[in-house]
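Look for chain A in each of the two complexes below; its partner is chain B in the first and chain C in the second.
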Partner chain A sequence: MKPRQTGWFVKLCAFFALTYLTVPILVIIPLAINSSDYLRFPPQGISLRWFMTVLESSAWMGSAAVSLQIALTSTLLGVSLSMLAAVALVRARIRFKQAVYALILLPMIVPNIISAIAMFFFFADIQLGSGSLAIIIGHTVLAVPVSVIILCATLQGVDSRLESAALSLGADRFTAFRRITLPLIAPGIASAAIFAFLSSFDELVIALFMASPSTQTLPVRIWNAVLFQLDPTIAAVSTLLILVSALCLVAANTLSMRFKARM
Partner chain B sequence: MIQSTKPFVSRGGTELRLEGVTKLYAGTAAVDRLDLTVAQGEFVTLLGASGSGKTTTLMMLAGFTQADSGRISIGGRDVTALPPGKRNLGVVFQNYSLFPHLTVAQNLAFPLEMRKLGRAEIKDAVLRALEIVHLPDKAERYPRELSGGQQQRVALARAIIFHPQALLMDEPLGALDKNLREHMQIEIKRLHASLGATIVFVTHDQEEALTMSNRVAVMDNGKIAQIASPRAIYEEPLNRFVASFIGQSNFLPGKVLGGRGDGFVVQLTTGDKLNCRGPHQPAPGDEVLAVVRPEHIAVYREAQIDGHRKTISGKVVDTLYLGHTIKLEVCLADGTRLMTQSTSAALDGVVPPPGSAVQLDLGSRSIWCIPAVEEAK
Partner chain C sequence: MILSRKAVGPWLLLTPALLFLCIFFVYPLCNMLARSAFDPAPTLRHYTRLINEPAYLRVLLTTFEISLSVTLSALVIGYPLAYFLSQLKLRTANFLMVLVIVPYFTSVLVRTYAWMVLLGTEGILNQVLLGLGLVTRPLAIMFSRTSVVIGMTYILLPYMVLALYSVMRGIDTHLLHAAESLGAGRIRAFWRVFVPLSMPGVAAGGLLVAILSIGFFITPALMGNQQDSMISMLIEAQVETYFDWGFASALASILLACTLLLFLAYDRMVGLNRLFEAKQ
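Let's turn to the complex of A and B:
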């Protein structure tokens, strides 16, 4: 059978939908390569000076380092925890599986601000206060739902009989998991990590609540800059952030395509 | 074909034994107080429909499923509580279960690495195993690059490479097409003969069970309905289930008149008398069912008398013309219906029309009878 041709109307709808989704994001780029001292659209002249300002600013670069550190740590923690949860949810026979799954997804459903307020008071209660550790814990909680969803889906695609085969060939459970299951779900782990990383790297609300003067993440610094010093630096930072996110997504896509070609 | 001198599957004392093994799923017994002994070097097939407990039995032997009660031993050693990896059994799965991210050689090396063998030793063993399954040039291929039959052979090689005590196979040929399946049946039989391996084979294909096994265990409802040689399973079924599960059977009700020689005489409800034999000598007056295979009935147009033997008369109800064979549904005097199957040649290519009278000859040998009422187990 010949694949059905996509009609012009569908194509048109798709075009508008994509435009609607991307244009507001892309508008930031001309603002960033603006030579003017103010945020202007259309830009007055082309210049990379605002990028230089950002890259030379110790405050912006410090925030980038903080964001990176927090994102990497919470990714590591979040994905590790999610892996344990996913193996239990997919492979083990446990009661109330659906309820446990729903509970794990809760941080994604509850508005971030609610989680942030709850954590804020809880951390104050247990004398954790604000700072990197608090943000890392908060972001780990946010990273778990998306990682669990991805890892569960990946794990479901791996035939559990492969593990049985490994067991029958003399492996213990841990070895079977490490030698057979883990390599097979590696692409899933990678994409879970990428999404966990992005969920932390982009996150504002929790970081805003938990930020101390020395732990301003990039989104927090952007937020403050928008409030107090509206100039094209923000556009440049935003452009850089978009670039990082886009690179992450391309990486995730490439990984999954290479994986599909291999299997 | 086999170049190695060292046997791949160990020959010594690898008898498998299940004693009173039970597995419950949600309160119902998938396997019910099952006793089974597989002798060293024996090829036993568990044959049954899905849900009969055959795969559960195999999985309990392999150690993937824990028995709720009973005892499992391998070569006299109690393994009931041992995990699969410690039982040293080669398992071939229905879908091959080759590791997709490893090459053929790496797949074969896996069990040897688990046993901490040296690199050189592993390399030698892998080459030898590949020779045995006639795939010496496929070592560096990935499973997805092989055909179904080749994958099957790699799975087989991986299951025997670590000298297991026995081989367990769960419908290993189910996914292959008919020609390949017959080819693999022969290869597995040859492997069995040359390795002297103890093999437990699970299938729902009765022909496969009959051609390959030393003994066939017909399973029904978590129990073994009968375990015997393929010939005995077919010719001397112990009960109605086995008689109708393996091939087709007609059941003719009758009453035992008395003993005669090794067997006994049965009077059918049609009044006809038959020389019979059965699993045990019944008492006069016992109700029995004569088990008659459709292909063992000769169909004539006129009555035939040969000494004491007389044909049974009946009326054709329905006919089925298949070219090489002709099947008739015949109604006897007492209303019993039975199926006959004759070669076209035996009937001179003529199909008796429905309503016509025929004479049936059940053959000169004594007819196998089973008790009409089966004692509850």
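Let's turn to the complex of A and C:
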């Protein structure tokens, strides 16, 4: 498209919108490296003491470990399920495709508070109770739509004639998939995994209902802390979470560039 | 075709995911719907309780009002930004887009916390305003409907901008140049040519933000107050505080119906397929 100049009013509004989007995230960081006991702005002196508080706290680090374990497990589960489904959705003509799409998307559409209580009741009924396993199942349900969408998009970008060529040259279906399709969509699988991971790592509502005292994920611990008071420790934890998101984004972006270069 | 044309192959691949979702998601949802209407005999008492109690109707009304305010605010703030970005060179636009994408992928809880820190009575905004002598007493923005709308609009703005931008990028600027060369002023060309063409984006963004805001929990729970409770907060309270699962299920069923209705509109106007195809 030919670029077109926009008027000063539009520029002003856009500048305001970008400020609105950026400032809240940027404000957290100076608060986290603040040396005073309270949230002061501008910060009075720089120190890493709040980060040290977090890193030395067994409660925070324990929660980080719980979150990591839950996110990794549900990512592995979710991406595996999605991988199989995506191949069928993209490569085959199936009946009721619309209905299958709708079913897979459903966890994304239904508000998390509803999913959370529905699963909470269900787990209580079957006496699975609360804890890691319950949260992992809940987060896997959420990971499926995220990864199916990404994997479908990736598979659509791979020329199915490459697979046909392998088949005509004598490879069986599984070999053709493993040797041709899989390497081609590897970056897509990785980015599906990154976004599935992030969706679990940052998820609060389901984890809040399923948490037991020993399985408080990072967001659950932040939630409890925020309800209590807004001390700079939370700013430090938040900064670390922003860092995790940013790293995930950079990784996903690098992967998608590599993917495009290969196409 | 890597999959056999026989109908069995693909379904075999779909089974694990569909089975998992049916057992751990669809069944619990159906169970919840049933819980709202059976006790164990069929009953409508949870629903009649909702209708007969003005306080609960108020919660429903508040939910719709906040949802609408958030959708409109996001549109008003997002439209000029998306328009601005769509008229830039792709490279510059992609660079500025980072400022939209990073908040989009940052934890909702962290972003809500940021607003609590900004707007609180002893928050940064008040510290700055008091420091500059612009106000003599701290502004009481926090824990009001205003703070909820500010926070939720902030969280959902990226969805709006991305939906608008993807449509606006596709609008041929030659049409605007043509309108101008035929005598329309810049403003007239914008309103008569660009705005109508951007309507699919407005529909997509607006419905998406409405769908997401109607069931939002984290931000209203942390930044709102009891008088302006949204339905999600009432559901949580019924489960965690009052242990009334039947009533919570009825509330959740109503919320679910509203969400699905909006989503049906989204499917009609925008198309569900767009989520799967032509992305990335």
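Here is the rule we use: the second predicted complex is superposed on the first by the 242 of 263 C-alpha atoms of A that agree within 3 Å, B and C clash if a C-alpha of one lies under 4 Å from a C-alpha of the other, contacts with A are read in each partner's own complex, and residues count from 1 in each chain.
Assume a residue touches a chain if its C-beta (ideal position, glycine included) is under 8 Å from a C-beta of that chain, and two chains touch if they have at least 3 such contacts.
Quick caveat, the model's predicted, so the values are computed rather than measured.
S.K.: Does the chain A-based superposition show chain B and chain C clashing or fitting?
M.R.: Superposition result for chain B and chain C: fit.
S.K.: Return first, second, both or neither, reflecting whether A:Ser35 touches chain B, chain C, both chains, or no partner chain.
M.R.: neither
S.K.: Applying the touch criterion given at the start, work out whether A:Ile104 contacts chain B, chain C, both or neither, answering first, second, both or neither.
M.R.: In the superposition, A:Ile104 contacts chain C only.
S.K.: In the overlaid three-chain picture, which partner chain does A:Ile25 touch, first (chain B) or second (chain C), both, or neither?
M.R.: In the superposed model, A:Ile25 contacts chain C only, not chain B.
S.K.: Quick one: classify A:Arg179 as touching chain B (first), chain C (second), both or neither.
M.R.: first
S.K.: Using the touch criterion from the header, give the chain among chain B and chain C with more contacted residues in chain A.
M.R.: C
S.K.: Which partner does A:Ser47 contact after superposing on A: first (chain B), second (chain C), both, neither?
M.R.: After superposing on A, A:Ser47 lies clear of both chain B and chain C.
S.K.: Tell me the contact category for A:Ser164 with respect to chain B and chain C: first, second, both or neither.
M.R.: Once the two structures are laid over each other on A, A:Ser164 reaches both partners.
S.K.: What is the minimum C-alpha distance, in Å, between chain B and chain C after the two complexes are superposed on chain A?
M.R.: It comes out at 7 Å between the closest C-alpha atoms.
S.K.: Based on the A-chain superposition described above, do chain B and chain C contact any of the same residues on chain A, and if so which?
M.R.: In chain A, positions 164, 167 sit in both the chain B and chain C interfaces.
S.K.: Write out the stretch or stretches of chain A touching chain B in their complex.
M.R.: 159, 161-162, 164-172, 175, 179-180, 183-184, 262-263
S.K.: For chain A, which residues are in contact with chain C within the complex?
M.R.: Chain A reaches chain C through residues 1-7, 9-11, 13-14, 16-18, 20-25, 27-28, 31, 39-41, 80-82, 84-85, 87-89, 91-95, 98, 100-107, 109-115, 117-122, 125, 137-138, 140-141, 144, 148-150, 152-154, 156, 160, 163-164, 167, 173, 176-177, 181, 198, 202, 204-205, 209, 219, 222-223, 226-227, 230, 234-235, 238, 241-242, 245-246, 248-249, 256.
S.K.: Report the residues of chain B in contact with chain A in the complex, numbered from low to high.
M.R.: My answer: residues 62-64, 83-85, 87-91, 93, 95, 97-101, 110-111, 114-115, 144, 158, 162.
S.K.: Show which residues of chain C lie in contact with chain A when the two form their complex.
M.R.: For chain C paired with chain A, touching residues are 1-5, 7, 9-11, 13-14, 16-18, 20-22, 24-29, 31-32, 35, 77-78, 80-81, 83-89, 96, 99-103, 105-111, 113-118, 120, 122-124, 127-128, 154, 157-158, 161, 169, 171-174, 176-177, 186, 211, 214-218, 222, 232, 235-236, 239, 245, 248-249, 252, 255-256, 259-260, 263, 272-273, 275-277, 279-280.
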